[in-house]
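What follows is a set of structures to go through.
What follows is chain A paired twice: with chain B in the first complex and chain C in the second.
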Partner chain A sequence: MGVTAETVKELEQKQEWWWAAEKKRSKRLDYLRKAMWKKGAIGGLYPAGLYIDLERPVLQTEKAKELESSPDPYVIKFAKMLAHVLDNKTIFITDHSQLVGYLGSHPNMITWDPTLAAILNHEVVNDPTAIPQPVEENLKIISEVVSYWGGKSDLDKILPHMDLDDSMKVLSGAIGWGVPLSRGGYSGKDYEYIMTGVRAFEDVIAELDRRIDEADARAHEPGATREICDLYDKMNMWEAMKITLEAGIRHARRYARLARIIAENFETDTERRVELLQIAETCERVPAKPARTLQESLQYDLFIQLFSRNEAIEGAWPARPDYYHGPYYEQEVNIDKTLTEQEALDLTGEFLIRAAEVSQYKPKWSREGLQGIEGTWVWTLGGVNKDGSDACNGMTIALLQAARLVRVANPTFAFRWHPKVKDEVMREIFECIRQGLGYPSMRNDPILIANAMNWHGHPIEEARTWAHQACMSPSPCTKHGFQPMRMANATANCAKIIEYVFTSGFDNIVNMQIGAETPLAEAFTSYEQFFDAWVTQMKTIFSILVRPVNRARMLAPKMTPRPFLSAISERSVESGLDVCDPSISRGNAWITAFTWVENADSLAAVKKLVFDEKKYTMADLTGALAANWEGKEEMRLDFVKNAPKWGNDDDYVDSIMLDCLHEAARFSRELKCPSGNNWPILPENVSGNIHYANIVGALPNGRRLGDALYDGGISPGPGLDKKGPTAVLKSCSKIDHISDGRAFLLNQRLSPIQLAGEKGYQLWKSYMKTWADLGLDHVQFNCVSDETLRSAQRDPEKYQEVIVRVAGYSAHFVDISRKTQDNIIQRTVQGLA
Partner chain B sequence: MERKVLVTDIARFCVNDGPGFRTNVYLKGCPLHCSWCHNPETIDPEPEIYWKRRLCTQCGKCLDACPKDAINPPVDPSLTRSEKYACHKIIRSRCESCMKCVEVCPSGALQIVGQPMGITEILDEVERDRLFYDNSGGGMTLSGGEPTLHVRFAEDLLGQARSRSIHTCLDTNGHCVWEDLERIAREADIILFDLKHLDTRKHREQTGVNNEIILENLGKLSSMSVEIWVRIPVIPGFNDALDYHRHVADYLAGLPGSIDRIDLLAYHNWCQDKYGWLGRDWIYRDVEALDPNLLEVHVRIYRKHGFRATIGGSGFEEMESRRSL
Partner chain C sequence: MPTCKQCKKFFPLEDNPNKGDCVQRVIDPRQTYYKAKSVDAESDAAKCSEFEKK
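Up next is the complex of A and B:
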């Protein structure tokens, strides 16, 4: 065993974290990790071996056909369709696993829901790689399904009720992405209702029965008020909720039966037989009744997540696993001692794997925008309890440790930092970052709680329950606080704002008028006029994106209901209204602002070179941009090198960034959602910077059509932050992270040399303390790896900020000759310098 | 008029030159000419021109702008971008540093090294990272070149930093008049004292000067109440023998006052390109960087003598113990 331990240490020294993890994790975790199919698409295509699952579409379609003649209202039909899938889909139990449940019929299958959008279904027909064998036969099945759902899918039903002009602009793909669907986006959950151990499905069913009985009695009393008439809809809704919950319980019991059958008839290993019987007992218990153990709690959570994905495509996975599973961990590991730390770690690691393998077929723009991952599954750790005390517990640490053992790219973690977080937790976080996971990202809890109260009026206790609804946006997990559906199409490709100032709103890529018809750019005689046009374009683009969402939020409850999500939400169980109904929602919406920083850098370049220094005229610049800088390389370099850039602690451009944010924030309070709440912006990118490379034209920051955009949020352009990380933080701290927007993503690169050893931890902790003092709400770290440095060698322009530092000497990596670079890379990899 | 000196760089987020996060201010001009110098641009007290040949597009604008005919005519850029190309853009014997070529260079290949800066301007820049200093015990490190070459300026800069409550380190080679060093040292919180070699002949061979003044100054400094970190650049074949370090440890232990910490800094040749940009050559061109791990044995010698000692001089080493003090 001594030999093995030595090897792990050696591997860690060489920073070969994957191989070290392989040696450190238990045999069970190792098997489960390797048995997992990674689902993320690369460059929009699914990797070899993954196939579209036809079982679900066939089940849904056969049930839909059967129900055609039924007198049931739509919501009940929909619930029955959902139950039909859960009752009949293929189930399996992976060897060595202790948690069960998967969306598809086989572990390598990507599920496809044909009921959402005809445009998605057509992508399935044309998918070049993922149609299962035998292709011809399956294409026939696919085309039957596709033709059945044509005109019947959610989007097909919703679109005719939208403004045609807005719809065309949104669907052009130029200014935003996503569609306004209540079954295709990011669902928050009322975890405070369903995950605290107080109640489970049977309790809710009893509550629903009671409400149906009461309503039934009242509905047939003398009278015909609006209230009485509404009860008929409510009773249907309650009935539909009940159908989904009962189907969930039956589905779990199918697993219990399967586990028992294997244990009693086939399993020869006695230990495994005990585990199978444990699985059976677990699935008989949850989700029907509240969990009693960590295994039950995790299994319960997993079922809820899978049922929710049975009902909708979920691009995110809002969760606070340490907060909701922590009490079970504490009870079993620390109080009752019925579970060892190692056993708990195995369960936690498997929980991550079960999440990582979930997959749903998504449109190409989404696959491209989310390179290599299934969705933005950012799980929230840490934070405070409702009374403000530290919420970290044993499960927080178990999750951070398990993440390093299983090393999945999705889910990732984001940690709610606050001043009371203990050093031992900070060290676990630091280990994840040092070991190159790229997560957790760090969130500033006091700032974000204040932010939630400021923008959406959450009371403090509610605000303190927040989890990430998608990658970045904090949304509480309470009855009134949670947002049932973030409709993804309020996602703005903000570089278009500045682009349209030069084209009077005409989009040359998709050849249509999308923006406002602002005056010809050549005619501007002052920066103020120019900036006014920018404000007009910003308001126009945001409005085009927000209107369909507002409209869809009003249509969703009737046209595209969510009976399961409603059934696990207190406000719906109580009211009998669909969970998306604006009348019971706080409407905590936000506009995701992709490609935002290009605006500040472009405005600054125009202000300095055109209006301050008068080196060029607006006509020169408009011409150069129209020509995509062709034949204007010297001028382009002037705009790149001689105009101030965001991220260098330079007030000239930083104040322009603030002007832009203040204008957006002002407008956010004018844009209202159907619940009457604000639409703040949230700058971040996912991989949109690559997706939009060929969609955004030339810009005054020197960017050409086809160049990747900045990597996002308020991160400076790659290679443009020449004064190092402290200057970046200083620039970002000029933004008020409470009132200037909903949240602001910041990427930072750190060198593993700086992070090595105890001194690395002390450095990081001092850095984090300053980050917190400066009031930033987010930061995530990419460890500079040998891979980063190799990329810097190939593409120096994008990596100009990578700095090599040793005593008395610092140099920009890209300035150094090849041979020296190689030498530094060698050191970086080995962590020796 | 405000006094100004030439500054080659103000580098923020430095983590190996004194405690915590630091901003290093590099002044131009040095009385020593160490043959391994990793900041060769700081030696000459006059402004110089970098020519970064990889950025040069060979557009020829500098040739047209130069009044002294001191520019080599354009050649194929792929040629000058190859690692082997040795010729410099500027014919130094004719150049009078009028900087006209830099002004017209569109690609940023020609750059001025050494910008005149005043104390307020420097400190305003330094002060931008105040919060980082406060959270890490960091501050400003005055480096070079040799800051003591600019006695008044260095003294005032450190003094004014102190009055702005900025922690300061003075990074010096110790080669100056004692009275000057004393005056400057009084204004600094920590002296980072470079020790190249105890043998004056070897010292002269590799740095151009004898070491008597330096050693004398180190002795006197140690008697002052100022904190001293001795920094030893470990150069292959020059001062890397273990016996030599035993000798140094004895020597430092025998000083009249105490030394607070010893940092061993492994030689590296990562400054190779700077020499190329300046159009200079150096004898260490082909000497590989020293693996810092090889200094583990050396550092133990100092620790055995009871010194706090590090490899690399991290400002975050022993941070917990510093904080608890």
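Up next is the complex of A and C:
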């Protein structure tokens, strides 16, 4: 460890956890952590030293041109393009590393996939800080690539098949987020098929060969049927899957070869030479064959994640690492004793670092909405096994300990709490929270399993395998239950619902009629009329967002296929259909409801001050909002201070919140995904509350255009929860967390001083018991003092490693905007009693 | 004309000596690593700043 225990202790006493971690971790982890190029954008721009990688787009484009005259169907051409990249991209092995693999050609390169969307490609051209030197020469390369893919990218191909009116409203950026692309969102994985150690790539290839042979024989038997016609497509799909798996095996073996070359020709250190040969053996084994050791298991997982991200931009990382790697940990550390706890911790910490490095070029709106991170890599820990027993294991603890040592902001963890979780695990979780990581977030497993069964009809054994798809939403990791695509444009900027009630659906920011043309707000004579208009706007906005996603999902199998993801999915290997084909998926859609609570607070303010007390008319209010409250400060403060606010256990406003949720839940069952399943809402925010600050107009809760929105989910507005943590929990507990929506994010700030020592743990545990007893499904904590955060604002260089929970994710405090920083500081610090 | 196969950094594939890896040591501001790029043995290395004759 290199330093005296006292020094570490002193740092811990001062709650300088980041410096203590630096001294506690192994030399290897220290090197690898400091070697890491942080990829999260700051203020929407990539940090200095990071550049767009041009190797991949050049490889893709040269292969696409070569295949132009090929008779291959598109899915096979696409698979060959992917294979060409994996066979030819530059690979590297970092000193001291034991795990290998990265998307780009160099550690500071951000990969750009030009095949996705012309609008993304044009951002590359106009992103001067990220274009590598020599700029002029590289701009020529970029121009050639951009020009080639114009009209050929996924989005260009599917847009003509979408409803233009819906598309324009979505792309306006006012009500939703993202574009409907199967290769442009993120995907769950069929971990139950590919990560249980039963099979690996060679086994799947053998299965694909068998299916191709059978289909080929069947297709040439006497007779002609629709089924035979379908076989032609299936054989092509199986062939494409096989191409990607074989390329994956070859790619891994390139690493094996490089490791051997280094060991045999360059490396002089005997210990490192042994490690390099171990890397070589690992990469010769996986992903071709099932893993045998923890190192092989982690490497296998890493390869799968990287191949999937070579196929698509994935803005999230659904995973359950303790569940799937745990058996290897137990075998090696506790049974065979071939690996020490320290060695396992090193591998686990490095696994987090390897994930933290992953980067893909994304549009600026996405970078602004996910300040400081690359995507929401929220990994799921804990939970139960399929039989309902506790699934925590040694790997659960190793991951929690490793997180405190490497202190990356991404991936973060979300812990599936249930009554059988042991105290030793709870203490490890608490240490992560107390040490200011902002994670794990806590999820109520029994509630969420019931929720998955209620909303999507997942059988209980499958529901118990759930993993977070991004920040919040659960989905099983099973054959029919896992979710192959998630497109961010089913993300609703819900504050627009209440805003449009006052504008009859006209959006004054983007100058478009987006919402429904409900009657003029001045004409409403009762709260009921006013609320009916709110329901109409809610239904209109949700429908505009859901329709393009449904349509894109139906177009995806043919127009934007995913042969690699299909190859690691049982349902596709079995059926020969693309993984996104709705006919083989149960469906697990949801609408992410950004900026939701503003609706309840605004409706309550209107009900009380306009309709109950008749202090103002609807005309007064409509005029004040149109003027952005200018000249109406006294009236505005009345709406802020004298209207009830969510989070204070006040039935007046809490019942309005329930009315809104019940209407949304009713409508969620009318909205159907192409698999025929429901679209429940899920209130949460990432950093959308800042992104949308200049997009949402003035609201009746007293907010002005430009003010930060609430931090999201069902979290009360910052500083508006004045009655303590129990009142917050009680308000939130009035929601039925099984049937009122898919999940509900709750941010809480706790005092690090109060959480010190054993007493702090007992206070937190008692809070968690109340939370669980009240049936909430989620809570997450910021536990960094105002003093530290203000110091970090004054002197960012000294506080580079301070992490905070933003909303559904964590970020380094210095990497988020000043507005977001202030918004976090404004959140009420709850004193636990 | 120098070719890749004449370079110290070229490591031919066992099953296809016409192809191989160009293996280089890289030191960037944060880390040190070895990288490998697929190359053809007969590729022109005249303009390669990394070329080192065997």
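Basically, the second predicted complex is superposed on the first by the 781 of 833 C-alpha atoms of A that agree within 3 Å, B and C clash if a C-alpha of one lies under 4 Å from a C-alpha of the other, contacts with A are read in each partner's own complex, and residues count from 1 in each chain.
We adopt the following convention: contacts are C-beta pairs under 8 Å (C-beta built on N, C-alpha and C of every residue); 3 or more make two chains touch, one makes a residue touch a chain.
Just so it is clear, the structure is predicted and the values come from calculations on it, not from any experiment.
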item: Touching partner for A:Asp95 - first (chain B), second (chain C), both, neither; value: second
item: First (chain B), second (chain C), both or neither touched by A:Ile816; value: first
item: First, second, both or neither for A:Trp37, with chain B first and chain C second; value: second
item: Touched partner set for A:Arg666, first chain B, second chain C, both or neither; value: neither
item: Chain B versus chain C as contact partner of A:Ala727, first or second or both or neither; value: first
item: Partner contacting more residues of chain A (chain B vs chain C); value: B
item: Chain B versus chain C as contact partner of A:Leu763, first or second or both or neither; value: first
item: Contact set on chain C toward chain A in their complex; value: 11, 21, 23, 25-26, 28-38
item: Touching residues (chain side chain A, partner chain C) in the complex; value: 31, 34-37, 49, 87-88, 90-95, 105-108, 254, 257-258, 261-262, 265-266
item: List of chain B residues in touch with chain A within their complex; value: 11-17, 20-21, 24, 38-39, 52, 83, 106-108, 128-129, 131-132, 135-136, 143, 171, 231, 263, 265, 268-274, 276, 288-289, 291-293, 312-317, 319-320
item: Chain B contact footprint on chain A (complex, rising order); value: 634, 637-638, 641, 649, 723-727, 730, 754, 758-760, 762-763, 766-767, 769-770, 773-774, 803-811, 815-820, 823-824, 832-833
